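Before anything else, here's the structure in question.
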Amino acid sequence: MMLAVKNLNTFYELSHVIQDLSLSVDQGEIAALLGRNGMGKSTTLKSIMGLARPSSGQILYQGIDLTGKPPHRVAQAGIGYIPEDRRIFANLTVRENLQMGAKNQGNTGSGNRQNKWTIDRIFDIFPWMKERSAQNGRFLSGGEQQMLAIGRALMGNPDLLLVDEPTEGLAPLIVRQVRDVLRDINQAGMTLLLVEHNYSVAASLADRVYLMGKARIGYEGTMAELEANPKIKADYLEV
Amino acid sequence: MTGILETRDLCHDFNGLKVLTHIQFSVQPGERHAIIGPNGAGKTTFFNLVTGVYTPASGRILFKDVDVTKAKPYRLTRMGLGRSFQITSIFQRQTPFQNIRLAILSKNRIRFNLFVRVDRMNAINEQTNEILQEIQLADEAHLPTSTLSYGKQRSLDLGMALATAPDLLLFDEPTAGMSRDESHSAVELIRKLTEGKTMVIVEHDMDVVFSLADRITVLHRGEILATGTPYEIQENDAVKKAYLGESEV
Amino acid sequence: APGADSSFDPAAMSDMSDFDPNNFQQPEGDTIKLGYLQIMSGAAAGNGELFWPVVTWVAHDINKRGGIMVDGKKKKIEILKGDTQGKPAAARKETERLCLEENVDLLWGTSGSHTAKAIADVAEEYKVPFLNCLSLSDELMNEKNFNRYTFRTLSNTTQWNMALSYYFSKRPETKFSILCQDYMYGHAMADAFKKYLNKYKPEAEIVSEDYHKLWLKDFAPYMTKIMAANPDILYTADWLPDGDNLINQARSMGVNLPIANIYITNPDTLASVGVEGTRNMIFCYSWMSGDTPQTKAQKKLMKEWHEQWKTWEAPYDSLLYIWPDFVVGQTISDTYWLFDVIQRTGTLDPEKIIKVWEDDVYKAIQGVRTMRAADHQAVFDMYVGEATYPTREVYEGAPYSEGYAGVHKVIKIPQKYCTPPVPEGLKDRVE
Amino acid sequence: MIARITPPAWTRWVLPGIAAAILLGYPLVFGTVYTNIFIHFAIFAVFAASLNMLVSYTGLLSFGHALFFGGGAYATALALENIPGMGLFPAIFTGGLAGAAFALIVSPLLNRVRDTAFALLTLALGQLAYMACIKLRDITHGEDGVGGFPIPDLSIPGVVSVSMVPAQNFYYLAIVILGICLLLMWFLTKTPFGSIMIGIRDNPQRVDFLGFNIPLTKCLIFTLSGFFAGIAGSVYALFNNLVTPDGVFHIMTSFTPIMMVYVGGIGTFAGPIAGSGLMTIIEEIATRYTTQLVLFNGILLVLVVMFFRTGFVGLYLLLKQKLFEKESSR
Amino acid sequence: MDPMTFICVTQFVHGLAYGLLLFLVAAGLSMIFGMMDILNLAHAYIFMLAAYLGYTMTGLLNFWAALLLAPIGVALLGMLIERFMLRKIHPLGHIPELVLTIGIGLILLEFVKWIWGTQSLMLQPPEILSGLLSIGVFRYPVYRVFIIGFSIAVMILMGLLFYKTRFGTIVRAATADAGMVGALGINVPLVYTLFFGFGTWLAGLAGVVVAPFLSVFPGLADQIGFDAFVVVVLGGLGSMSGAFIAAILIGLLNSFGIQFLPTLAPLLTFGLMAVVLSIKPTGLLGERQ
């Protein structure tokens, strides 16, 4: 087990947003966390990332306890993050945004892949970035910002990537491209925990799913099992 | 016949980023109108223009046949326009009672009263309690608002918009972030409270839209893609393509 | 001394070798209580520090001699501090406390005319004699503000400018520039200077006149303006830190005009502009310790103090205290005068003290002083000193100044040329 | 259901009664020096409470409140100096009006900024007043200030005429006026207008959407706050019989009430009053036994911010709660 | 050269020198405010502390050593203040920060009085920077030329640091979104501490540079601190180039005001500020409030 979250509880001031949540992600898989708006999916990711402070529970990553650690420690442990609102640095250029993510660029890291992500490799998969590398983040379209956020996270060469709604607000064509990129990096060895509203994207990527009701995990199973259970699907996802 | 709310050639941009272009929009009195469209289509921006948060780059806005293009929010509220917010906007540090009471004070045009203790104003307190009953918050009336569940906070947001007794109500994603049950009761509440009133609602949840709206406008990239009855919209190809989507990606 | 009621006797001064301003020995028992009112906290606390050796020096000397005979008993002098914070309201409160709780017999103060005014009001209310030896506004002692319990021994604005104007009437320079601080005091000084210069030297011309804001940072624009007006003399009434910065920045810009002033006397400042920078500077004060004219008492005090200074510890080991010069010497002299009056009164009854002090003629350390009964303003000869190269060693073994041109030429301005008229409304106060 | 025991109505008057008795007897027991210290405390309590209307109730941090305090002080002093026969109450009222007028004049500018920009703009306005006061020598007598003006008797024609010069007499006048001011300000927080103020602090956008004209409302808040600060300044002028730029317009005059509000407990009505009391006591001790007043204040501020964020009142409530809990757990 | 031109040129240079000096004092304040959203009211006192340190170190070693060491000293102090005080209270909003930094300022004031006493101290510029520089008919103090050059150099250095180094990129990114920077594996609290240290280091530089220009005394912080705030407000909160423009504008307005409108000169800065703020409440180049 790569990531194990046990009995997590998180509050925003007085509202109890995550209640006794447990989940786990295995090495090399894509796990999806699905559920309707406001259930606490993003907060779960933020809690893992150290951006929200859990009040109790435990987060174990490759045997290391990351509970309550500041975000930079979590990131340094090898976890990457793509936030739902992208959080591109509006006052930095495209190249600087990528540089901000740069980590483990040399071959000294203990990563299990030969191919480290570098700016050049990012430019290879998103060629438009090369042409517009000196442009400020604030002038990018939503789709472009989403791709930049993915590129920035890859630059950190994480072993586990937390992805929050990567296809939100993207045109269908781009959605397909993003889906393919995620699949490729997973096949290259990266583990993914994916939060996604677009069910078909999630279904085509995920090996296993967790469904979230209000503040808790309500269902856990493989993608195939879920496909076979339309009632659960309707209850949690309204598709 | 002109509508209670009309926009003529409404355009807006943020430092050159065009968000709305030439919007011709009209709501008839008594109508329940929904605006739908993809994220970033400009729906919230449209609300912000109509309610006076931003001044439009060009075009005109008419409310009850009065030009309100440059009117400030408080003026519009006084003219009978109520609004709830996409991001819940209430007074977190106070009780629901105090929240609603402020709206009731405004409705009664009590703005600069320095001479009476507000907790001794019985008429105000009664009206406040009535609203709290209506939005089913009477039991929690004196708890700190920040301890309420998300759904109840949304109800409070609605209640404040209602308490000013508006003729036209604008709801920006009133059920966003609500659980299925909460969402369901919120829709019922809205239906009950807006009985016989005019309202415009922005909502991503199609169940909510189709169960509440008489007419739907689809906004896409700052332009109106289509306007029509729920049935017409559901069948509209352009809308399907841009927003509702086919079953496969 | 002929004509004087009393005089300072240098021979009577006690051995001060055990005097330490950092460690003043307060006497025990029944004492004469002196309230020392100064700024002791905040950024301007230097004022309170500066005059502490003054009052303690005098008290130490007198206490060693056994004290003063009052009401049939020899009493020593005890000094109680009151922190004015430089604010009238605080000064008022502290004075009230000293008068009511500590029952002080005498008050001593203070820098800043508005603060002195607050003290004077309380002094009058509780009938405690107040020696004002540090604030110089004419208005403090005019018809409106005069009160019987306050005595001012410091020369006022008019005395100063009469003296300077008279001095210039004997000199060839005719073109003057004025640069003062832009507030009441700066304007009052400049107005008085213009008035008396016009009187004593009608042909003189003011070629430029400017007022800068307090605590100015950059004097350069003023210097450019002044140099364009091409004056012979620059007149300023600036005090710290403006005075320091004025001369420093002027000299660093190559402006070597003679500067006529009353406050730029800090040895640190003078040393920082060096001999060339200080040469030609013109100082005016009622206490001057250059080559001439010095009384025997003054020479003795200067020497004694300087000897003791060598043993003092911080903060009193700094150059600022090396000689009891200008304002320090002046206030020592004034404090001795106060106690001389008490001795002669033989009681601490304020009414009797007033009676003795009014019209008192006293041969002080520096020379003869008269306390005008009508307005309680001391009148005396003033001195104008020019900074020149040291001509000879003034005191055995010690050059008067190091690193800067000192006051080596002193001109006495006789009292009749620098005595202001008694304010109209006070003329018939005393027949 | 448990029957609630309501204490008899007269008990409601016990505490205020004791307080009133202490206030009445205070000058007789403690003498002039302590009486004057108390007046000083009361003046600053009102001044700090007027600032608190902005800081705690409306969420605006004013760094230039001396503008209104000084405005009131100078108005009273100048009125008494220049208008023969000016009565006592008209003079005090003039101070309040001047404070209010100053606030009214600057409110259009203040309405345009929020948060730190607001703090800095008020700081600048306060400094402007200070400099203008020194510059307008013909009216204000520069740094010497306006002093020695006649202090009118408290006179109701045909009934009484009491001199206000003796400390005791002035004490009663000051306590009554300042007490009324505090009462009015407290009452204000309980009125509908008070609710609107708090609304503006917590969520101005929503207040706007509820139909309240925020600029106008804020303008009225500034004016009221300025009025009370002006009254405090006016009493200060009468108390000292002297107002100077350093005394009433100096930047420290603006900082002092901020410290009082914070030390006393921000967000409460009693905070500034407790803060004024505490800082007056500290000033008294510090100036009496040391020359380190500034150091004491500095350390106090750091300690309060680092360790007692809720200030004196918060500490009191905490202690009360602790004691109460102990009692109930027994 | 006709005298008027001579005067105008001279006053222009005076204004420039003074403005740049103000910029040097205000730069750290503006930067810390811009990035960390902390209005550091102790800034002027830290500046004063550096002036005193500069005075002492010049006496012990020399001016250049002082210019190197004193700013490092106050930067360490700044880092301690950030690490152990400001970081703890930052989440609580602005008021505690303001009150805390006032408190720290007052303590620093008493500290310098305790160490250096209350008297004015005068410092001479080093040999190489004293005297006058002659260019044609103009004779100008070398030290003022040094101030101009030094301030511009600092400004360029800051520009390079901000736009050409990784530290600068991180700092700018953190201004926009500190949480996200942390999520990318960068220790933001540490960056903040270093950055606060950098801001106080700038205050330190200003302090040492000012020491031979103004007499060093306990009122120095009050004397110059307020002007630093004016520069920051006028330039636009947090805008470095805004502060630069504002400082030079104030400098020029000051020297030409003294020359041509002497009675109004002290009020001109306020006038400028009132005009700018009533047209643009966010200041010259400020974008946010």
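Note that the chains are named A, B, C, D and E in the order they appear, and that numbering of residues resets to 1 at the start of each chain.
In this section, a contact is a pair of C-beta atoms (placed from the backbone, for glycine too) under 8 Å apart; a residue touches a chain by one contact, two chains touch by 3 or more.
Just so we're clear, the structure is a prediction, and the values are computed from it rather than from any experiment.
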| item | value |
| --- | --- |
| Co-neighbours of chain D and chain C - touch as defined | E |
| Pair joined by more contacting C-beta pairs (A-B or C-E) | C-E |
| Centroid spacing, where centroids are CA-atom means, of chain D and chain E in whole angstrom | 34 |
| Centroid spacing, where centroids are CA-atom means, of chain B and chain C in whole angstrom | 76 |
| Chain centre separation in whole Å, for chain D relative to chain B (CA means) | 42 |
| Mean-CA-position distance for chain D and chain A (Å) | 54 |
| Set of chain E residues in contact with two or more other chains | 109, 222, 266 |
| Where chain D touches two or more other chains at once, by residue number | 131, 135, 292, 294 |
| Per-residue multi-chain contacts in chain C, two or more chains | 42, 45, 182, 213 |
| In contact (per the touch rule at the top): chain pairs | A-B, A-E, B-D, C-D, C-E, D-E |
| Residue ranges of chain C touching chain D (in the complex, touch as defined) | 40-42, 45, 48, 81, 83, 85-90, 92-94, 96-97, 100-101, 113-114, 117-118, 121, 137, 139, 144-145, 182-185, 187, 213-214 |
| Chain E-touching residues of chain C, taken from the complex the two chains share | 42-46, 49, 182, 210-213, 215, 217-218, 220-222, 224-225, 228, 240-241, 244-245, 248-249, 252-254, 266, 268-269, 271-272, 314-315, 318, 320 |
| Residues on chain B engaged by chain A in the complex (per definition of touch) | 38-40, 144, 146-147, 149-150, 176-180, 207, 245, 248-249 |
| Residues of chain E defined as touching chain D within the complex | 33, 37, 39, 85, 88-89, 92, 94-96, 98-100, 102-107, 109-110, 222, 226, 229-230, 232-233, 237, 266-267, 270, 273-274, 277-278, 281-283, 289 |
| Chain C contact footprint on chain E (complex, rising order) | 3, 7, 10-11, 14-15, 17-18, 21, 109, 113, 117-125, 130, 132, 139-141, 143-144, 213-215, 217-219, 221-224, 227, 254-256, 258-259, 262-263, 265-266 |
